[in-house]
């Protein structure tokens, strides 16, 4: 229902985001999610900036693992577009068919045990409530 | 609401599962989820067998990554017990505070973009629909 | 956070609903859900009228089965209050511990297979799409 | 899968609801949701009566705002039909493209922060638990 | 996106499951869910074994009721494939159009009251928290 | 489980965000969500910047309406903390008890009709799929 904004009909501010997406991903293809978001440039800019930083920026979690986590959430939220696009991304980043099958096995099992403990209203074990100690953060000598 | 079955009040078949949980995890502690499931021994046996295999068995996804995926699903399904127990497991398996923060950043961003593409009804790009080629599986010469 | 309206502080219109709940359920107890809804009498009246009709009225599905279906939905929607109140209702209506365990086994398995087919985007088999034939309804000769 | 009941094949009781929908909305079009509900006249009557009252009846929330709230819930519940039909209704009631973009920005952000506070298990601040004072309601001098 | 494994291209271990599905259901048709799961034989075997036991095995809940519970969960989880396949199964097992309408009336009402009590944060009534008494289980004299 | 970072133990970068929250909201109170996010300063900064802009920045949707939309999503995602904090915010911004009751009536009804149309798989009416026309955006003469 939301129209898709193609590059040639896009405003300069939208084109700037499209150019950054293509440069960052080293591709000349802009997928539909961005063309839909382009109907509201501030949302396009805000969303791309976060996706670029969180999914592709430096960090301690491997980018393929980030995709697997993204797929797990998208399955749980039942986002058709997201499942398709990020499963494709994960395979593009080297996910094997075996890893994909194991990812879904974990997701499926988590769904089942989520349902069971929600139904049973299992009381949380005290040790799971213990906080990791929290020390004041110093950022100077 | 569901009563918790302690070891000393458990039937031999339930004790056998408790013994395997303790041996497998090298602990003498049985967490409440199992004590709740023990009200129905077949469910306890079936669930433990799958958790043992899928979360702890051999595979191509690192056990800590499996925990991160499990946490992501549990947050999306809002399973209080599961979030607590598996966040504790992930920290026990070496997840750093930085990795935990990055995990939640991916989960939070996935939630947001899941909502946006669901609302926009973004059409799926054709290349995301292409099947990975499927060849007949042979398991003999 | 929502205040609970007790009988003695309730308006006549709210008391009329409370009286009908107690008469219908042959009890002198009003559970908290109704006391919360009583903050908005039209919502109280509308909700009680539907609950009374759908859960307790005449029909072709056994009242205990209706409770089991209600529990299944409440687990999936993670409604803490609803899970507690309707699990109690189901036991009050004769649900056995074995039936409860089997109910949760079906719910847990449905969760898992829901996740798997959502992730796989399994194409729907043509015969599942066939409509049950639809004939004009006549209610006179 | 559910057959759609067209006006000319509908029973008098169903036609009466269709007539009221068309009169209320000043249109000669009945959308598919009603034609599906018409397979069970009591459900059709019950549902239409509530939609007519809650979405279109007198109240202190502007009808366009009610549609925005409805869209927010439908996105969260991932109801494809509901998102399409109520987004169309909202635009028909005057929602601008800017308002639509802002609505989705709020929905997307709520999704993200919902996930974060669910994952963190943030303790509820005491002042958020304080009840609005609850005085006995009097409806006579 | 996931390829479907047809019988003639399946490995012996997959064919063994297909053969058991056809024998158990007395049909020569394998629906797509299994053909998708067949991409990972261990998942196919594990899932079929549980579905066969939980949905079709001996138990105290009528198989048609199990299907109704399955449909309720699938609607709540919004699993398109599952809703279609199990609604078809329920009708095949004798669900009448009236029972189907009543099933959906319970599901719809549960959704509404789930939302209301979640929003109100209704405190759980003490008697709903009382545990069914839990006696040690003995399985020998 | 996540420790809360108090102002006096916070790093300068965290204090800068706390100061902006207090200045923006004209309060000397920092609610727990921010103290939890403060464990990861980049997440705290990113989240506050967006909340400040989307919930409190200039726009065409009234700030109270934004809170109502936020509550609707939080109920659907079952975020306990979010429901409490934003219901409090909405009352602080002038929501009346009548508006609150009407908000929940819309949310509850949306939940019910979401479930019904998801279960029925109601086909989307063609006119709901029509795109609002999409003209090239010009931002220069």
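Going in written order, the chains are labelled A, B, C, D, E and F, and every chain counts its residues from 1.
Simple rule for what comes next: contacts are C-beta pairs under 8 Å (C-beta built on N, C-alpha and C of every residue); 3 or more make two chains touch, one makes a residue touch a chain.
Source: prediction; values computed, not measured.
Trainee: In terms of touching chains, how many steps apart are chain A and chain E, taking the shortest path?
Mentor: 1
Trainee: So chain A and chain C: same face meeting same face, with over half the numbers shared, or different?
Mentor: Mostly same residues: over half of the interface numbers shared.
Trainee: Which chain has its C-alpha centroid at the greatest distance from the C-alpha centroid of chain E?
Mentor: Max centre-to-centre separation from chain E belongs to F.
Trainee: Out of B-C, E-F or B-D, which pair touches the same way A-E does, with over half the contact pairs the same?
Mentor: B-C
Trainee: Taking CA centroids for every chain, report which one is farthest away from chain B.
Mentor: It is D whose centre lies farthest from that of chain B.
Trainee: What is the distance, in whole Å, between the centres of chain C and chain E, each centre taken as the mean of its C-alpha atoms?
Mentor: Those two chain centres are 19 Å apart.
Trainee: Determine the centre-to-centre distance between chain A and chain D, using the mean Cα coordinates as centres, and give it in whole Å.
Mentor: Inter-chain centre distance comes to 29 Å.
Trainee: Hunt down the residues of chain B that sit against at least two other chains at once, touch-wise.
Mentor: 1-2, 4, 39, 43, 50, 73, 75-80, 84, 87-88, 97-98, 104-105, 107-109, 111-116, 118, 120-121, 128-129, 132
Trainee: Please output the residues of chain C touching chain E within their complex, sorted ascending.
Mentor: Per the stated touch rule, the residues are 1-2, 4, 31-33, 36-37, 43, 47, 50-51, 54-55, 59-61, 65-66, 68-70, 72-82, 84-85, 87-88, 91, 96-99, 102-103, 105-107, 109-118, 120-125, 127-129, 132.
Trainee: Touching residues of chain E toward chain A in the complex: what are they?
Mentor: So the residues of chain E in touch with chain A come to 1, 39-40, 42-43, 47, 73, 77-79.
Trainee: What does chain B use to touch chain D in their complex?
Mentor: 71, 75-76, 78, 80, 83-84, 87, 104, 107-109, 111-116, 118-121
Trainee: Mind listing the chain D positions that touch chain A in their complex?
Mentor: Where chain D meets chain A, its residues are 78, 84, 87-88, 97-98, 101, 104-105, 108, 115.
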